[in-house]
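Just so it is clear, A, B, C and D label the chains in written order, and each chain counts residues from 1 on its own.
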Amino acid sequence: MSVEDLLRRLEEKGLEPVDRGDVVSVAVEPHALREVAELLVEEGYDHLASVEGIDRPGEDVIEVVYHAESYSEELWGKLAEIRVRVPRGEPRVPSLIDVWPNALFLERETWDLMGVVFEGHPELRRLLMPPDWEGPPPLRKDYKVATEGVFVVVE
Amino acid sequence: MSRRKVGLREHVEAVATGLKYLVKPNRITVYYPEETIGLGERYRGMIHYDWDKCISCSLCAMICPADAMKMYKKKGEKKARPGINYQRCIFCGYCVDICPTNALSFTNVHDVAYESLEEMVYPPERFVEEWVSPAEKEGAKRLKVVFDEERGLVHVPE
Amino acid sequence: MSSSVMKARLLSREGDESVYEVFIGPQHPASGHMRFIVRLQGDVIVGVDPDIGWVHRTMEKLAETKEALKAIPLFERMTIIDSQNVTIGYVRALEKLLGVEPPPRARYLRTLLSEMNRIASHLYGMGLSGIFVNHSTMFMWCFGDREVWIQLAEELTGARLTHAYSIPGGVRRDLPQGFAEKARKAIRYMRRRLEEYRKIFFDNPQVRARYEGVGVLKSHEARRLGVVGPNLRASGVRYDARLLGDYGVYDELDFVVPTAEEGDAMARLLLRGEEIRQSMRIIEQVLERIPEGPILAEKYLRLIPPKLREPALKEGRIKFPGIFANLKIPEGEAVARAEMGHGEIFYHVVSDGSKKPYRVRVVTPSFRNVVLFRYLPPGHRFMDFPAIYGSLDYFPPESDR
Amino acid sequence: MVGEILEIVFSPQFFGPVVFPGLVTVLLVLLTIIWVERKIAARVQMRVGPLYVLKPLGGAIQMLADGLRFFFQEFIIPETVDKLPFVAAPVVAMTFAILPFAFIPVAPDFIPYSVPYSMPVFLGLNTVIPLTIIAMAWGSNNKFSIQGGIREAYMTIAYEAALFTAALAMAITYGTLDFAEMVEAQGVPGILVNPLSAAVFFVAMLMSAGKLPFDIVEGEQEIVAGPFTEYSGIAFGLTMGIGYVQLYGFTLAFTLMYLSGWEPLIPFLHDIYPALGGVMLFAKAYLLMVFIVFLRSVYGRYRLDQALRLGWRRLFPLSLLSVFFAVVLRVIGVV
């Protein structure tokens, strides 16, 4: 269980991990996601700190980013990041709830707010949004928030 | 961390502690509105605007995180002046801290009540008004907060 | 335990007609701003479905619509009782993107306010754990004594709760005159009070009966569920984001991160009391060792017009340089973790080089602890539910964001 | 005519249940003890408590204001409730809470209804109240109420046996089932003769009146207000009062059985009017009540199963032991 082991094993899988100081980042294809996640668990990353979606309408993708964290002292300062790019029209990734049990609410939230479908997740129900919410997921870039200017003209 | 076993002794101890405070209470109540706490000079209360110092740079309106501060521009006039909407203001004090001429400043008045929402919007003309604490206007006694080893906070007349 | 067993315990179960469904909240004396659908068989809980989101504000989206600096007072509103710790992670992430480091004095001041906030936050949590078993004295005492720390924080920052104290590159206010003496008095007072808390609450046999052996979370379960904060450390896992050395001056100070082995509700309560003691130790050391110097990074300090800078430095009140209204965040990504009273908060800030962040991801400690509402109560009696809730120090607006 | 009315009013049969220690005193006790409870809690808890209703006396008539509010507030009867039990149960409960006062002697020759079994009658009438509370819970047709009703049923099982057995021990000690004779038989206060019985009776009494640390039936943090969740207005006022009325009755009984009742009798007051001889009894009972409501600021709430366990594993065996002790005392002829 060390960062070197992790980098070596990821490279053995033909991936290109990048060490950014406090994060080891690795980009994977959706079909390889689960395999890499299991590898991370074996290397001591016992839980997820975050699941998020980054909407990139310019490239027509949604980037799903997982941050795994470890409570083992040797891995404290280093998060493991998995990045998956999925098409914006049909964002589907396999659910990692079997690998990291605490993905339960993190994935559900990402589905709720970003519209990413986690296949195999047992309860993709509304979590933070109202149960009857319709319209684009609020964290997508095409959901606009009204903003105001600085100046008001008065008579 | 180790944990002690508890029994009858602890029952007695708990009741005794309760009785101790029943005999010698440690109250922190301030009888507002008869008394009011005089707040320190650093307190971020209602904001005061100095008409003459303002150079209309609009930095205050630009940095306001809550869209409370707006620059009011009279039709035909060139210079815009800030006005504030206390429905929105969160008293973060960014506008005061960024003001390059100290035209905006904090007061230590915070206990203001309004009868209507419209009253809470201050265009520049009203923004210059001086702030007076309504409780103090009614004759509330000002108290000072003093830290005390025995009692935590003690409120003494200023 | 394999993750499949763990998953089975996590999933919500509807149950058959023998199940008695009780809605705790959103209008209930002990629910907070949320709802629990509690399923009972007789007096025994078979499942709890936490229904959160009643105070959701989509803060991540709002942060994208504002200039980066404006999100600091926004994020404060997730955990208004702990506003320094909740924003310090975001400020650190911005500092990493901007390439600016706070001067030593600012780091000490941040640590000081962080620990004052942590004490206030723990008192809040301990008070709630009192009222959840109807121990109203603990509730009132904690909230009354919390006032001491709020008063201290007000004298430092100018606001009782929403301090907005840390800004990229430093802090906004220097120590006021006579602060150290006041803080030392507050610490001595709190030490005495903790002993009184022990007598009337922690060692009260009634409280022990309600909290001991209830909601036991084992160490390996806590690891796999990604539980954070005192709830994690009470299960025997020594982890604290302060130990990462990413913010503050914790690596220069002498303090202990307490852990407990039992993992039950009582351990979580006792741990909070112990953490208050440690935080007070930290405050004492900070007040002793705080170095002289500027409280804002040189990079921004020299942008303040000189005729404002001198009086501001003398008064200990930083004026913002004009650039703060239009701060461009260099393109890139940064993560930051910080330890709040409730546990670790995680920020991931993505910037595309404009004034507003492209994406801010924030995972709050309460949100990470939500799984425990699924995981811990099944098998317990209905009356244990408030006890478990009370021991977790869960804060709904933080979870809902 | 006036003389006849006065004679009726001041006859023990009327004055006892209606004025002292009955209805009127009950109302006064209700009005004051809740205020005392709130003031004590406030003192311990760094607060002030009720204040602005009659400020010179520290808000002493706060409960009068609250009571008036209850009285004039609309009593909402939801459509889903079973109307007869819902409306009738609080009234029946209050009646059965007041009724036992007819059997409480307040002075040597001031006994409203002199029966040789006043102690069991008193305790027996009190056992009707749980039934009415269960009726309230059932009639309310509310999930929290039904949970509360079930808790009430369980709690009854937890304390009743211990309460009766502890009282039996005293009956054996004094060789009588009558309160008045018990007081007369007490040379040394009963609490010193049989402290075990007194302790059991005290705890069981807390459970019966639903005072902390045993306010399990109301269980605010789990079941809102238990059986009383659906009540509003004056009916809620009644349900809130039941526990205090019961407590008052039990403290009177406790004083009679263990604290030598009205002794020492003040002859001067007793000569003016016999009922005034009960002043000592009332004072002792009131002090005991003050101590019990003070416990609110020391304790939280025990769990239902813990209360049951306490009732059956601790209190009941202890009460049997106290009976045994009483028998021994009688055999060796100490009392």
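Note that in this section a residue touches a chain if its C-beta (ideal position, glycine included) is under 8 Å from a C-beta of that chain, and two chains touch if they have at least 3 such contacts.
In this text, all values refer to a predicted model and were calculated from it rather than measured experimentally.
Any chain touching subunit A that also touches subunit B appears here: C.
Inter-chain contacts peak for the pair B-C, counting C-beta pairs in contact. Chain centres computed from CA atoms place A at the largest separation from subunit D. Taking each chain's centre as the mean of its C-alpha atoms, subunit A lies 23 Å from subunit C. Centroids built from CA atoms put subunit D at 48 Å from subunit B. Put simply, the C-alpha centre of subunit A and that of subunit D have 61 angstrom between them. For subunit C, residues touching at least two other chains, in rising order: 137, 144, 200, 204, 206. Multi-chain contact residues of subunit B (touching two or more other chains) are listed as 14, 17-18, 28, 62. Under the contact definition stated at the top, the residues of subunit D that touch 2 or more other chains are 44, 46-47, 297-299.
Taken as a contact graph, with one node per protein chain and an edge wherever two chains touch, the assembly fits none of the named shapes, being neither a line, a ring, a star nor a complete graph.
Pairs of chains meeting the touch criterion: A-B, A-C, B-C, B-D, C-D. Put simply, subunit C touches subunit A in their complex at residues 3-4, 6-7, 10-12, 52-53, 56, 58, 60-62, 65, 223-226, 232, 237-239, 243-246, 333, 335, 337, 344, 346, 348, 350, 358-359, 361, 363, 367-368, 370-371, 374, 400-401. If you check the complex, the residues on subunit C that touch subunit D are 20-24, 28-30, 43, 130-138, 140-141, 144, 200, 204, 206-207, 209-210, 381-386. Note for the complex: subunit B touches subunit D at residues 14-15, 17-19, 21-22, 25-29. Within the complex formed with subunit C, the subunit A residues making contact are 20, 22-23, 46-50, 52, 54-55, 65, 67, 69, 71, 73, 76-77, 79, 97-102, 104-106, 109, 113, 122-123, 126-130, 138-139, 143, 145, 147.
Listing the residues of subunit B that touch subunit C in their complex gives 1, 3-4, 6-7, 10-11, 13-14, 16-18, 28, 39-40, 42-44, 57, 59, 62-66, 90-94, 97-100, 102, 106, 145, 147-153.
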